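Labels run A, B, C, D and E following the written order; every chain starts at residue 1.
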Amino acid sequence: ETLRFWTTEEQPERLARQEQMAADFAAASGHTVEVIPVTESDLGTRATAAFAAGDLPDVIYHPLQYALPWAEAGILDTDAATDVVENLGAGTFASGALGMAAIEGGYASVPVDGWTQMLVYRADKFEEAGLEPPTSYANVLAAVEKLHNPPEMYGFVAATKIDENFMSQVLEHVFLANGVSPVGADGIQELDEAATIEVLEFYKAIAEASPPGDLYWDQSRTLYFSGNAAMIIWSPFILDELAGLRDSAPPTINDDPTSKDLAAATGIVTNFSGPSNPDGAAWGDIRYFGITSDASTDAAMEFVEFSMNDGYGQTLAIAPEGKFPVRRGTADNPTQFADLWATLDVGVDRKAPLGDLYAQEMIDEIVGGLDVAQRWGVKEGQLAVASKIINSQVINRLVREFIDGERDAAATVAELNSAIAGVE
Amino acid sequence: MPSLTLKAVEKWFGEVQVIKGVDLEIEEGEFVIFVGPSGCGKSTLLRMIAGLEETSRGQILIGDRDATAEPPSRRGLAMVFQSYALYPHMSVRDNVGFPLKSAGLPPAEIKEKVDEAARVLKLDAYMDRRPKDLSGGQRQRVAIGRSIVRDPTAFLFDEPLSNLDAALRVEMRYEIAKLHQTLAATMIYVTHDQVEAMTLADRIVVLEFGRIAQVGTPRELYERPANLFVAQFIGSPKMNILPAAHVRGLTLADGTVDVGIRPEHITLGMDGAHVDGVVDILEYLGADTFVVVDCGEAGKLTVRVAGDTELKPGDAVGLIFNTTRTHGFDSAGLAVS
Amino acid sequence: MSKLRYGFVTGPVLGALWMVVLSTTVAVAMSFATGEAFRPHILLSLLWGAIIGYTISQRLGDFWGEVMGTASLVILILLGMGPLVVGEDASSFARVFAAVALSVAFSWSMHLILDDMPAKLLTRHEFEAAVIKFLTGFGYIFFTAIVLIPFYVMVLTSLKNQSELIQNPLDFSIELSKGAELFRSYDELFTQFNFGTYLLNSFGISVLTVLITLLFAVPGAYAVARLRFQGRAAFSRSILLIYMVPMIVLALPIYIAFSMTGLRNSLLGIILIYPVTTIPVALYMLQGYFRGLPAEVEEAGLMDGLSRLMVIWKITLPLSLPAIASVSLYVFMIAWNEFLLAFMLLDDPSKFTLTRGIASLNSSEIPRQHLMAGSVIATVPIMALFLGLERFMTKGLTAGSVKG
Amino acid sequence: MSDAVPPKGTGPLARLEARLAWGLLLPTITAVSLVVILPLLAIFWISIKPVSLADLRAPEVVLREDLRGSPAAAGDEATIRYRLRNSSQDQPIIGVTFTDEVPEGLEVLEVDPRCTLEGRDLSCDLGDWEGGARETLTFPVTVGQAFLDNALRPQDSEAKVTGSASNVLTNTTFTWDNFARVFDGDEFWEVLWVTLFYTVFGTVGALLFGLFAALLLNKSFKGQGILRGLYLFPYVSPIIAVAFAWIILFDPFSGSANALLIQMGVTSEAINFFGERPLALIMVTIFEIWRYFPLSFLFILARMQSIDTDMYEAADMDGASPFQQFWALSVPQLLGILSVLFLLRFIWTFNKFDDIFLLTGGNAGTRTLTVNVYEQAFAVSNIGAGAAVAVVIFGCLLLFSAFFFKFISQEEGL
Amino acid sequence: MPSLTLKAVEKWFGEVQVIKGVDLEIEEGEFVIFVGPSGCGKSTLLRMIAGLEETSRGQILIGDRDATAEPPSRRGLAMVFQSYALYPHMSVRDNVGFPLKSAGLPPAEIKEKVDEAARVLKLDAYMDRRPKDLSGGQRQRVAIGRSIVRDPTAFLFDEPLSNLDAALRVEMRYEIAKLHQTLAATMIYVTHDQVEAMTLADRIVVLEFGRIAQVGTPRELYERPANLFVAQFIGSPKMNILPAAHVRGLTLADGTVDVGIRPEHITLGMDGAHVDGVVDILEYLGADTFVVVDCGEAGKLTVRVAGDTELKPGDAVGLIFNTTRTHGFDSAGLAVS
């Protein structure tokens, strides 16, 4: 069989690793795998289109937000995924990750890896200015107040490009921090007006402390790397290039593109809180292998099992800094993969294990976040609905319009409520 | 058996009738010229004979074969166009040989016939040039060459000389006359230049608004025009026409309304003048001078005098008609004799 | 208006405006070339321009006087009191070069503008002639700038790397010392991003589109142009009408139909659909040309014993080669540049056309010099074709379309 | 002699010609109607159907079978499990049945009441299904040696499933929802306004710039050919290349244009050209002008060069000054081509999709009708709504075309 | 004081010299016609006078003002173009009034002058039509009207009649003659039609390859051509030229190489024939017949006889020259007397 495998990890180096794994799989099983990169922002449309055309690939590597909607739309063969999980042993997976993809009678997809979103900040500047780490709205705003000094230093680089997933992620994180969710136990629920207004005003404040333009991960990282941003929100994937291990995205804070100075000056926060939710929340993302309804099921299952077993090391090694194992080990050795992960090198052009680059407590903070990370609708069992709302990007759009000053906060909340209700 | 016969031929463009019933027989070897003012339907009639225009009504016989429904390629006629219509992408040789090649003749035979035509038309020197590298007269000759090679039943010419300058036109006219003498083929020729018509034709067909006004030899048309239209159309400067009432001392047939007299049949002199007038303008042309005489109510008359006349504008003159050469026309414009 | 018509008014006014135009031009050009800070000083430009305009219009100096004037303008600029302000960190060579370029260009062109203009009262003709020369100069600079700048940015961005660009977005100077390293983006596109395949796909698809289009359009256009039949006029119009249907309106059902028949995401589907979008254009262009061909040549063919079809083959076609070349080029361009359908219908990188390939460079973590390098790769062939065959291309454009 | 009425019918030569003409046109007509007419009809059909992208695939029964329990020896117990579900969450499937062959060596102990087992042929009738229905059937079996020998698993013999579902595209459910959705709220009017702004200013701007450029180049000098070629670049380059070049040039963050403006002191802070209302709309309109002025330029130049120079010489003799000549002679002479260009460009600008899609994706107040089609149909996956917008566009188009033909037939004798 | 003076005027197009030094004085009120074969530089010379072409060398004086460097608008001349060059988008009234409007005259004055011109040229009936709704002759009249309104120093005409058909040309020729009589203005007129030149001109300037071949009244040119070129260019059919060696019994001036004799100065007859020949072709034109006689080595000679001649091709004839009307030319082609 020839399998087609869609992956959102489309950078050339990462693709190369996946192709290597595919080749190993081919050697082991005789099935060849064609690795097809798909831009993450296109993934939803393309999968739907391919489904309509009866032209789905066999396996899709996809983020959490698609798992349940796709299962519902019939794109995923949930039975196959369930069988894979069973074959591998449900007990070997981190229960949170598995739970997020659970459906009636099984699992939508097979969880692969995950990460927690981080608030990355210039610890050195914070210290200089005598600021508290940015663990809450108030702390962030205080830091913005002190540090925002464009164009040398922007207080924040907030996501404002509405068709990028990145903005959805950042926004959800900020909403969660203040305990606001569009879904409740019974599905869609009205947003809490007071708390939402706090979120909106906060986001507007950090957007105003950002450079103009449609911003997403790219500008956030570039500005932070050039030393022109005090705070950004980013995924752990930043950790290797932050330490100067990747030439195509070097820190430009000084003349040495391999400098580790910036890494040393950086602090990290995963659990973030707002005024209406003092406990705060972390935001995590899990990636899954979905087996599609058009797949050659047996071969596809074999491929997924291989990737989660013998190939798992390679899967994680694509970018260990952002791929924490959600399968911790096998039945025989329950910590096999967790141990393996700890030894993997990060970086592209230069390599080093994470432990060489960052303090252990920082790594623990990052990794530990995954277990407590939240998403809208997970607790309530309404993840599918929440995913649809996110995928429709209405929240991005309306928040952006609020930032642009088209509406006031209260009107925006009303608009948000009606737009969210409009997502069937 | 006539070479070509038109029977009550009509042509309609939509609701407009352009050829209004033409009957004509053309004999083998005859040189027939269609003349008439612009828009009278000369080209249309020729194209109907060629098969390039559908015949709306009536019949066209080639020999005794009814060719009305035949496409042009089957009629076996050759045509020379006003614009020459040479194939710009082919050499002269290929242009001339093209009809033979389309007919599928063997190359040797084509070569022979093309060389023969080239010899007749003195084209040898530029057989390998493209049409664009030829002068107007040469192009015209190539176009004729292309018609000759096929030995057509008849040649059709649509104003073949009108794109040439005056000197060249005289020369080519001479060559076409020679060609007709040599080939003795049936030729139908359209022109609006009456000099061409007079000098070349065996028979002239004068068309007026899609109808035949008169058919006859050049001399017949010049000397015995059947109606006012032909009288004025043939001859240059044109025949003077004046109301019979204003002419003194002419015996005229009954019903004569207008009298026609050509400029060369008037002499100047006071005695026995048929009309009097004042010299208006002199047109000196070297050999002759045309004197325009303003005769008051009789209108302006043109008189041909010798080139070296001593007349001046304003001189009073009397006009004496050569009475054997006057023409009378009735109220419908038809000649009375 | 008539007040303006004195040499001593028109001269300074045109001089002042022209100086603004030129100093802006030089500032922009120098900024783009060196990345250093050059900017026009509008007030000083107006002042100096007016003064020089006045002297030239009144013929106050001889040749050497003008040379002196030009030299003092150079010095003024270098002293920072001229129409052009140069940043502190600019190299002295760039500084002097800019000053000299501006001064010489200004004196020389001001001369041309005011050449035939008398010093005192102007006739309407003289006044307008000077204004027209000014507007012409401005027009050339303006259009050349707006056309060239985006392409300049495109090409030079593709040769730089991300961090260089971010540090100084104006600095397009390239370090030739980097040699082949300059073309790293191109190299990566071809080695890692499959651009070789895209190029081949695009080329193959475009050529096939041209061939299929001609196959359909030539007979159709001939029929519409030459043959008389009922419904010809209506047909002629519906060609134009079809030509006005927006692609996106068609793309939707085509997308659906292709999805359901499995033609989506296949090169076959693209090759099926492209010609149909170009046939109406080609038909329209060719019929215009056929109409312009002398009917008599074809009639001569008929008289020479050919059937209609043979006339088309042996006479019309050879005669329309230039038109066919124009149409082919134009259709090739459409197919090569086509983006929407490729974007909607193609998913697999192995099947991408160039435009689709570039689109895929846009939204990933791919540095933007790659995006620009891709753009350059797509643009260069069409430009080369265009420059080489400008005559046909322009004819194709005018004959065929007002469409974009 | 001759009748005063034209003959009826066509002559033999005309008939021959007409037949040939239709023969030559047939391939084109077929192709074009397949790809243009048919889709247009389809658009109308879809616009009144409640259909989203995923509905294009009719619901079907998805079945998976496997053997549960890992029997190792003859006599062990196991279960054959059939898991079935309706692939659609909302469409029903009627008359779901399946038949399968139980592998040799498996002894079925108990048969579900909806199923019958004859020999090794199993057939089940599951009745009608609602959307989202799923079903698991289990059959306890004992394993015989034959099974262990053959190593044939239950899933190796394909089960045959029947069940009919109606396809939204072809059934008779109709709805006006799509149109309601399109016209609903302020959004439509905003989109319409944006479209008109873009179209009118884009068209007029391109015409004026084209006219200016044509005036510049309407004289012969060295390098005229090169300049003419140069000025056509924006039009002949691939849209995607120039659109991205513009995006990069005007990037608020690291674009050269902003850097230049800041350096020249025009603005102190970077301007977000493509991301801010109403600047984004103005920018896409400027882009449109930039990209299409070459075309107007080309046409106007061609027209100018076909104007008899005699006329200008006559005006020279008559003492008209250059501006007088421009207003009194050139402008009236160009009026024809300008109006034709205006109408055609107006229609095509109205139809334009790629430019805005690539530049802003329809954000920041630049969503035109065509971009809306894409948004509705693909971003929101609601094909029906997209088709409804397309129908609206088509309506506008017909309106323009009627106007166009009425006007153009006078101007150009088309 | 002459109205217009050309002094050693030259025109170069790049490396090519088109006008090779022309000196000419044109008197007030004179009607001067430039004739010459196509491409000889007639139009170029006229356009240099108009100021539409730069004068490469030499001077152009209007009255006694040096106008060489003046733009057309300042020279105060009016020009009528071959293509009429009417403004297609303006009514006849606006066309005629345009020069006045450009000059900024008040509307009332414009109206008056335009009406006056319309009256002179009988344009009243179609003042509100567009040029495209006019016939050729009417357009021509509008073009003339546009020149008249400005009271120009001189009128320049570049082949104003060559786009008209033969009949209309005769008519307009008559009108231009009349107009010259009425206005008594200086007119410079370019044509390649010698009939126009002969009938209209006070003085004809014959150009040959950018040089003046002869200047004189029509009669001077016809009767005393200064060289072979003029002899053959003026007169239709053109003068017969034959080598002196083949003519019997003529007393010729020294150095005569060629003898010229016009067709109307030859009579047919055996006695005392200067040349013998055989009738080749007869061109019957009604009033006259032109007989082409093949005289062997003396070449083909054209003889004008009466229309009703009885000659046939092949008849042997003798040609008797009117000895007072022969012209002798030396080896350089110049007339010897």
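In the analysis below, contacts are C-beta pairs under 8 Å (C-beta built on N, C-alpha and C of every residue); 3 or more make two chains touch, one makes a residue touch a chain.
Since the model is a prediction, treat every value here as computed from it, not as a measurement.
K.L.:
If you walk touching chains, what's the least steps from chain B to chain C?
P.N.:
The distance in steps between these two chains is 1.
K.L.:
What's the overlap between the neighbours of chain C and those of chain D?
P.N.:
In this structure, the chains that contact chain D and also chain C are A, B.
K.L.:
How short can a path of touching chains from chain C to chain E be, counted in steps?
P.N.:
Minimum number of steps from chain C to chain E: 2.
K.L.:
Chain with the smallest distance from its CA centroid to the overall CA centroid?
P.N.:
Central chain: C.
K.L.:
Between chain A and chain C, tell me the centre distance in angstrom, where each centre is the average of that chain's C-alpha atoms.
P.N.:
Averaging C-alpha atoms per chain gives centres 42 Å apart.
K.L.:
Could you grab the centroid distance between chain D and chain E? Build each centroid from C-alpha atoms only and quote it in angstrom.
P.N.:
Using C-alpha averages as centres, the distance is 68 Å.
K.L.:
Find the geometric centre of each of chain B and chain D from their Cα atoms only, then give the gap between the two centres in Å, rounded to an integer.
P.N.:
So the centroids are 64 Å from each other.
K.L.:
Provide the C-alpha centroid distance between chain A and chain D, rounded to the nearest whole angstrom.
P.N.:
Roughly 32 Å separates the two chain centres.
K.L.:
At which residue positions does chain C touch at least two other chains?
P.N.:
Chain C, residues with two or more chain partners: 125, 166, 255-256, 259-260.
K.L.:
Counting only residues that touch at least 2 other chains, which ones in chain A make the list?
P.N.:
49, 52-54, 222
K.L.:
If a residue has to touch 2 or more other chains to count, which residues of chain E qualify?
P.N.:
Correct list: 71, 73.
K.L.:
Can you name every pair of chains that touch?
P.N.:
Listed by label, chains in contact pair as A-C, A-D, B-C, B-D, B-E, C-D, D-E.
K.L.:
For chain C, which residues count as touching chain D in their complex?
P.N.:
Touch residues, chain C against chain D: 27-28, 31-32, 37-40, 87, 124-125, 128-129, 132, 136, 139-140, 143-144, 146-151, 153-154, 157, 165-166, 168-170, 172, 215-217, 219-220, 222-224, 227-230, 232, 235-237, 240-242, 244-250, 252-257, 259-260, 273, 275-277, 279-280, 283, 308-309, 333, 336-337, 339-340, 344, 354-355, 358-359, 362, 368, 371-372, 374-376, 378-379, 382-383, 386-387, 390, 393-394, 397-398, 401-404.
K.L.:
Which residues of chain D touch chain E in their complex?
P.N.:
308, 310-311, 313-321, 324, 328-329, 332-333, 335
K.L.:
In the complex formed with chain B, which residues of chain C make contact?
P.N.:
Those in contact with chain B are residues 294, 296-297, 299-307, 310, 314-315, 318-319.
K.L.:
Which stretch or stretches of chain E touch chain B in the complex?
P.N.:
Touching chain B: residues 38, 165, 170, 174, 177-178, 195, 198-199, 218-219, 222, 234-237, 262-264, 281, 283-288, 292, 304, 307-308 of chain E.
K.L.:
What part of chain D is in contact with chain C in the complex they form?
P.N.:
For chain D paired with chain C, touching residues are 14, 17-18, 20-22, 24-25, 27-28, 31-32, 34-36, 38-40, 42-43, 46, 56, 169, 212-213, 215-216, 225, 227-242, 244-246, 248-249, 251, 254-256, 258-260, 263-265, 290-292, 295, 298-299, 302, 321-324, 340-341, 344-345, 347-348, 350-354, 357-358, 370, 373-374, 377-378, 383, 386-387, 390, 393-394, 397, 400-401, 404-405, 414.
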